[in-house]
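Got a structure here, written out as structure tokens. Questions coming.
Labels for the chains are A, B and C, by order of writing; each one numbers its residues from 1.
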């Protein structure tokens, strides 16, 4: 039982991490209708930004964390204004391919700067904050910090999307370009904002993953793949769906790894995906019916 | 009444929205029946359900007493139920003649069964030629759809649907974007096909044109049938008046 | 004007295939260097998978991102049946390998073709990763992370395809069959159906096309050729391990097609040749070559949608036009010589 609770909490923290990564993708897809495979490298670069600021310069983790968010947000804007703006009107294949190209470019740049696949540590605060529940349950401070950060991010995201003027315009754009234009919404501004938030979410996911597991130039692929599965599972473009799907996957993953073995744990996301495709191809919160 | 199409209790729900609510109706053989309703009444969803572009949640669709609701959409088309689209659709990389030929090949050999409208006799080339002549599209036969005027594109789309040799043709907003003259030009062609035994279901929100053209009308509102009858009966129906006056404000 | 300079389409097709055959024979006869032969073999092996894949991705517009998984299945079936678990002959196992890939692809196609666009691509990406994990963990069949080694080179009677020169013959013959069958499909009713599915698959269904059957057929077709390519790869390499069948190997197929030119048969082949060549050229740049390739992809997608083959065709058309104009200028105009 204690082990179960422990794994449940670890799974929750991992799942929330994935949910942050997926929320960036889901937000961009929901409003802008583009799948950005380069998101995986934003996660990786977010990890490295945190590494540089926190470990190399030697500041507090949160300085690195916010630096990662800001830099990746700006990188998101840069990608939008150079590449995705052209891609928006193109078919899905083009978007996937071009963002794959960007993925390769960013990956090479990171590999060139940081040289090798060596794992680099990022110090997360909270060693002292480890929680002891009952006799045997001990939860790392890093996990608690992760859970706290993601909760804060989700609350912030909720307020931006549902409680601000900017959020209303974003949702109007998501519902249909024409309606939004009739409402006099400035498309470019919304696009920049969405890519900033999306990039920042990717960067923060990278910072937290770096804190939990070290930073590596190839650390972006696994979360990207998970995030892609999560947004299908949750329903393309649905933020709430992404968060819930991320949690489910993270918890299932951890429980399977602990009780059955790590090889089967790796299969869990794909198993879930297959079941979702069989039972509900539109995902948890996607509307049934026509899919373009 | 000899009904060629019998729809019973057709329903579809999208998330929390009931797009089509228990719609039942019949289309008599050889008739020209209209389905009207304001925008968002669920007309296009209804067409999609009948042609199996979407799967209905409940309900049955019978064409000539054969069930359609458990067939995939391509089999519905081959069984003789053709449709056109609200937003004009043709294969944009193929010429007009190719578009017709493609439908003939996929639709299988022409089924006559008392039908006599253009494009049923002979082999593919002759059928294509006859349809192109009938719709006065012969000069455009090698043009791509993007090079056609709106009127010609709509004609080509109807011609492609007829190339399947259907018993019943469902036209989704065929007059959208047309002037009154252009609409009646298309209607002339459709009436000629009706004389050749084709049954038609017109779907539109333009009350005025539909009243003039159709023999019998169904009115849809918020996914459900509101009224049915001859144009005069419908015109006098208080519910219909309320909906249409309400919709226009 | 241009039409008169070119022979009829059938004659053109025959000439084209003769040229392809001649190039393959010439390459075999002229290339003696073992290193170059190996490059040719690996490019040819890639083409065996990529040309049929071009039908799926280019003609039909369904970008599968997990083809590397099927290459792996083809390779591991050979590995498992020729050394790992049984010791059967390559030629006896090849049909088994084809059947297993086909059945697997057919089974998954029911799930995958409930999806379109992004969903399909992500679904196939997940399938590719799933197969990779299976190669890595199902040790009884695959040998796990260490893989399978000691796969024998195929032989016909006494004639063993042992040397690179001999193996090239094998690859060339199978490549010819793969390319020819793809061409055969693309030019007929199947090609028309695939193109219609790419243009508007709902309309195609509404006009009576059994869309799902064509999609499944072409998916299985591409998967089978990916499997054959994997089988040859296994026989060539003698030992295989999961690192050759990662998602990256799937991406590579997609990249060949987009760089070479989508929607054509020659495009993907040209993509393979170009990237093989480019890899040699920029090998010195070390880690930078991913950056060059990535930039090429972005530029091609954004600005040169036709890829290399599209570019070549455009140049050829310009040249032919120039020739045609020159001839027309020289020829006496009808009615002018009175």
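The working rule: contacts are C-beta pairs under 8 Å (C-beta built on N, C-alpha and C of every residue); 3 or more make two chains touch, one makes a residue touch a chain.
Worth saying up front: this structure is predicted, and the values here are computed from it rather than measured.
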| item | value |
| --- | --- |
| Identifier of the chain whose CA centre is least distant from the whole-structure CA centre | C |
| Of all other chains, the one whose Cα centre sits farthest from chain C | B |
| Rounded Å distance, chain A centre to chain C centre (Cα mean) | 34 |
| Interchain centroid distance [CA atoms averaged], chain A/chain B, Å | 46 |
| Approximate Å spacing (C-alpha centroids) for the pair chain B, chain C | 43 |
| Residues of chain B touching at least two other chains | 53 |
| Residue ranges of chain A touching chain C (in the complex, touch as defined) | 35, 83, 86-87, 90-98, 100-105, 107-109, 111-112, 221, 225, 228-229, 232, 236, 263, 266-267, 269-270, 273-274, 277-278, 281, 291-292 |
| Interfacial residue positions of chain B with respect to chain C in the complex | 51, 53, 72-74, 77-78, 82-83, 85, 89-94, 102-103, 105-108, 160-161, 163-164 |
| Residues of chain C touching chain B in the complex | 189, 192, 195-196, 199-200, 202-212 |
| Complex interface listing, chain C residues touching chain A | 57, 61, 63, 65, 111-112, 114-119, 121-123, 125-127, 129-130, 133, 136-137, 247, 251, 254-255, 258, 262, 287-288, 290-291, 293-298, 301-302, 305 |
